[in-house]
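Consider the two complexes below, in which chain A is the common component and chain B and chain C are the respective partners.
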Partner chain A sequence: MTSPRTLTFLLMDAPYESSRSTTALRLIDTALRRGYNVNVFAYEGAVYLPFSKQAPHANAVHGRSVEEEDHPNPKDWIAALLAAAAARGVTLDWVQCGLCVDERGAAESIPGPRRGGPPDFFKFTQGSVNTLVIPTR
Partner chain B sequence: MKTLNIVSTGYRATLEEQDDTVLWLLQALKGAGADVDVVLRNSAVNYAVAGQNAAGLTFGERSQTQPPRIGDDLARIVAKGMRVYVVEDDLAERGIAAEDMLPGMQLMRADQLPRLVADYDNVWNW
Partner chain C sequence: MNRYLLIQASDAYECRSDHLRALANGLAGKHHVTLFLVQNGVQAARSAASPLRELVKAGVHVRADEFSLKERGIPADRLAPGITAAPLDLVIEELAAGAKALWF
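And now, the complex of A and B:
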């Protein structure tokens, strides 16, 4: 059944490759702040967005230590969005395309995202007031 | 060996990286002894605009404290002796005036690019 308070996003870009990933997270953040439940289907390279082994580093070019650089990796942003959803009493249901995960060896995710497949995405679209696909270009 | 780097796409994951990956790499290469210069064209010409501010990004309760500072990166690049060329045709298309540029930028016409390329041993087109 379609929920007027649920939106679905399909993300496809790998982290650190384009501005689309940040834009998608901005949209998700705004939707959660406005009380929407949000579904995400992470497809292809996007399954690396919540990869738990992402690590910050010092940046000699910037002249900053790892602490000064204070680099939030995408997994940290996704964790923050999951926490924000819980705090607001809405849901952020993040599904990782399982075959895409297997292809890339990207199974080690932060807590929260779950494994799924295209049928989950289809189910998301059936229950959402709208779906935004943000593909790789 | 002189290498000319042509950057045609601006703001490609700069918020995620907290910088531009090519401008970052050029600084690192220069530090390693490379002789590199850069051309900013197409959407990348916006990098040369003074007064940019990308601060304020927050997801949930996680805020970015070190946003990309492309202007600072370009200033360091110029200070390290690299040339930064900016294609003025692309500036004009975007309504960006020369007086809005950071100091040290060298404006060039698009039709001057082939002659510039000929001055280098390598051209890396990003």
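And now, the complex of A and C:
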């Protein structure tokens, strides 16, 4: 049985700022479902995507409680992607740029993502079939 | 012949799409070029007045993300001739095929 091939994505956008974050997670999900190992290097604001202190909120304008509003948090989507990878037998290796984490105070992440730096991104690209950089504006 | 994947995520007012079109035009004919429209980029795929028709004529494979079209209420039969809807899987397929990818 051949080993799964690997794709690498570099993300830069902080959550809630751009549709690019949603599209990036859709791409990661698609790659995992198709049996690829996926590397993610989260750079700059993207280190907030798996931030564990994200919390849903109510919607007072529309009179909805927290439960009724069911406001999604990206950290939950990323946790789901990590679980989906494990269930599929492929890997999702999520590396957070350490200096970006430090300067933003974003160290508290959900379980799974690990701290790293640009050398990790270089290693990712060397070990991947291809790499897609999703730049911020 | 190389493969190129150009991803346009912004509409014409958000990015210098003329630069993107010039790049795609320059590569077309000599290489396999796919222009994948996603997010607000799918706006450029609407109707016969689309500025992307010239790229279709030049041989660029112009595709619009099905999900982004649905989000914006753009039916597949309102796309400019030669532009078709495609799932996001196409991006993964092109990456796996070794396409050089650029995101705009």
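Structure notes:
Convention: the second predicted complex is superposed on the first by the 132 of 137 C-alpha atoms of A that agree within 3 Å, B and C clash if a C-alpha of one lies under 4 Å from a C-alpha of the other, contacts with A are read in each partner's own complex, and residues count from 1 in each chain.
Note that a residue touches a chain if its C-beta (ideal position, glycine included) is under 8 Å from a C-beta of that chain, and two chains touch if they have at least 3 such contacts.
Just so it is clear, the model here is predicted, and its values are computed rather than measured.
With chain A as the common reference, chain B sits beside chain C without any clash. Legend: residue contacts after superposition of the two complexes on their common chain; A:81 is shown touching chain B, with no touch to chain C.
In the superposition on chain A, no contact is made by A:58 with either chain B or chain C. More residues of chain A lie in touch with B than with the remaining chain of the pair chain B and chain C. Put simply, if you stand at the Cα centre of chain A and look at the Cα centres of chain B and chain C, the angle between them is 60 degrees to the nearest 10. After overlaying the two complexes on the shared chain, residue contacts for A:19 are found with chain B and with chain C alike. By the touch criterion defined above, A:66 lies against neither chain B nor chain C after alignment on the C-alpha atoms of chain A. Taking every C-alpha of chain B against every C-alpha of chain C after the fit on chain A, the minimum distance is 5 Å.
Comparing which residues of chain A touch chain B with which touch chain C, the overlap comprises 19, 26. Within the complex formed with chain C, the chain A residues making contact are 5, 7, 19-20, 23, 26-27, 30-31, 34, 36, 129-135, 137. Every residue of chain A that touches chain B in the complex is listed here, in rising order: 15-19, 21-22, 25-26, 29, 32, 59-62, 64, 68-72, 74, 76-77, 79-84, 87. Against chain A, the residues of chain B that register as touching in their complex are 11-19, 21, 24, 27-28, 31, 57-62, 64-66, 76.
Remark: chain C residues 9, 14, 38-40, 67, 88-89, 91-92, 95-96, 98-99, 101, 103 touch chain A in the complex.
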